[in-house]
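Both complexes shown next keep chain A, but they swap its partner, so chain B is in the first and chain C is in the second.
Coming up: the complex of A and B.
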């Protein structure tokens, strides 16, 4: 499964963390270090499984943990209309 | 000097570029960070403390990990706000242009973009916009159409003609879909304020500035600098961020000294400038470039409003007493001072009619008498911290 960023989303990185702004709603979200690593990878080039593998390598977590966290994160991003299916 | 005041003072010195060594400031720099965090938030300098954490650490000022995490959170909040306002102000500019409304952006985001090393270092909670009084209705309609709602503040009880006559700012609550708040200003100073600015002079001194590729308008650096000093006074100097604003604005290399001096003279701000100089020297260890070789006659010091009281976050006056008393120090000459005090305690009949004598004149006169008694009581009794904190 692949996802892409929705239009009208602004993103700024700061000290390993970042802020996502939904320009349509005016709501902003803080991404932690893992979320900040994942956000730029969400694109037509990467599957969710592929991103989870990179998270596993980067943050030294189990494959199961990476996939569960990835799934939860994607659900939240979809709910806030920050990403959509590619 | 207490631990947290030393830390705040060190932050000011780092901002002004004054070399600070571990031994140069007297006082302890270790201890509980909780009062400091409260104070940094109060003075709206939490993001600055985070930004300068390394130079602060080099001088022996350290924050505990929990405080650092909190400072980082405030910084991220500021970053979010800049993003939100940048986006909205571009949209608002398009709206204003479509209605052919001329306007100027003031303070917050302009200062953040113009003089701070990073725009997120200057915290702000709304967009201050100056419009011509005759455009008030159009802009209100435009904002309401854009889902803004008026704040339920004091000024809403007054009819439009009073709002225009006394140049009250119009405060809008945040617009839900836009997540922003706007303050509409009709003038640079209210009719009842001790110092009066010529709005046309400000309008005529406009310059463009870039907001993420969008060209907006504000005032030239000299007018911004003069207004920053006045703005700090208007709010009784009670937040450090206003001193930092004024310092950075007046430290700009592109400021024209002669023009700045002429504005100080024109608006009778020389005495206010003298007080500002005293406090600034104490806080920053040097004067901003434009004042650096501007000869200050009779540097004035205020026994109660000084760097220590400002850093502590508590004024020695209640706000109502400060409103009456501070102009006594900053206005030049006994005539101007007495005139201001008299106007405040016993406003002219026209003002009395405007505010206190309406349809129910009996109630209006009673209210007037009650408020005058309160003004005299505020002047005579110093309630200070209790009233201030409430």
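Coming up: the complex of A and C.
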């Protein structure tokens, strides 16, 4: 499964953290270090499974943990209309 | 957009390097806006950078018993490329058209009693949208200057920005604005005072009556020009060297903020969502601001001598 960023989302990075701003609603969302790593990878080039593998390598977590966290994060981004299916 | 023909009353006023042209079917709103606002031309002899037309249509109505919600409702229509603003449950409806740089306001006659808020709704906020086209951004903040350093004091309505501004004026600071400023990179960050005069509540007036003069108790807010009470201490603009996010407390504390925290706080005091490309540009500006300008969390009491000393120690003399 692949996802892409929705239109009108602006991303600002600060060291290990970042903020997503929905330019249509003005709502903004803080991303932690893992979310900041994942956000730029969400694109037509990467499957969710592929991103989870990279999270596992980068943050030294189990595959199961990476997939669970990835699933929760994607659900949250979808609910906030920050990403959509590719 | 269809424009009613009866705009017999007109007036042309400068603000910064821009020209505001008022058109109305009645003289009253132009008078109200004229008595409330400071129209200042930034550079003597400078060319006018742009002109904005404001059309005000006063609509007669008979229902005088309504009680209104004063919250702003707003919606950007991407197809029409129009920003719709609505106040007092629709008794004031404002449309910003970015193409011809035109603002139209339809105001129910009874809504004119909101004199102190009218200018913010009909002038400042729509004007701020048009100034975004020139890279100038409105922020809810007071701006004061001491020892050649300009500090923004940002915070939402009711946090005490006007009280803080008058308190620092009594300590010898200079004032750019007590409530709203327009920011511009030039290339240094420059704050221009907004067009509105100060709106002073009764408790604040009573606290500073030595400077403001004796006054009977009143409800709501008095609109005054602080320059009349603090001659020589009001200036149109100044470069910014720091920003403080203001909260109330029983003592004064100042803590540095990291850029991320500053940025998120800036988002909450900036007027952001409208035309998406302009909102993106505004967001870029706030991001640069948060990375370049030192930011602090300021909790303050009404002890302005202590506040002055803390600001000197923590910011001005750093």
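One rule holds in what follows: the second predicted complex is superposed on the first by the 86 of 86 C-alpha atoms of A that agree within 3 Å, B and C clash if a C-alpha of one lies under 4 Å from a C-alpha of the other, contacts with A are read in each partner's own complex, and residues count from 1 in each chain.
Convention: contacts are C-beta pairs under 8 Å (C-beta built on N, C-alpha and C of every residue); 3 or more make two chains touch, one makes a residue touch a chain.
Source: prediction; values computed, not measured.
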Partner chain(s) touched by A:12 [first = chain B, second = chain C, both, neither]: both
First, second, both or neither for A:57, with chain B first and chain C second: neither
First (chain B), second (chain C), both or neither touched by A:23: both
Chain A positions touched by chain B in one structure and by chain C in the second: 10, 12, 14-15, 17, 19, 21, 23, 25-26, 28, 30
Touching residues on chain C, where the partner in the complex is chain A: 76, 258-260, 263-264, 267, 272-273, 276, 279-280, 283, 287
Contact footprint of chain C on chain A as seen in their complex: 8, 10, 12, 14-15, 17, 19, 21, 23-26, 28, 30
Of all residues in chain B, those that touch chain A in their complex: 72-73, 75-76, 79-80, 83-84, 87-88, 120, 175-180
Chain A to chain B touching residues, read off their complex: 10, 12, 14-15, 17, 19, 21, 23, 25-28, 30
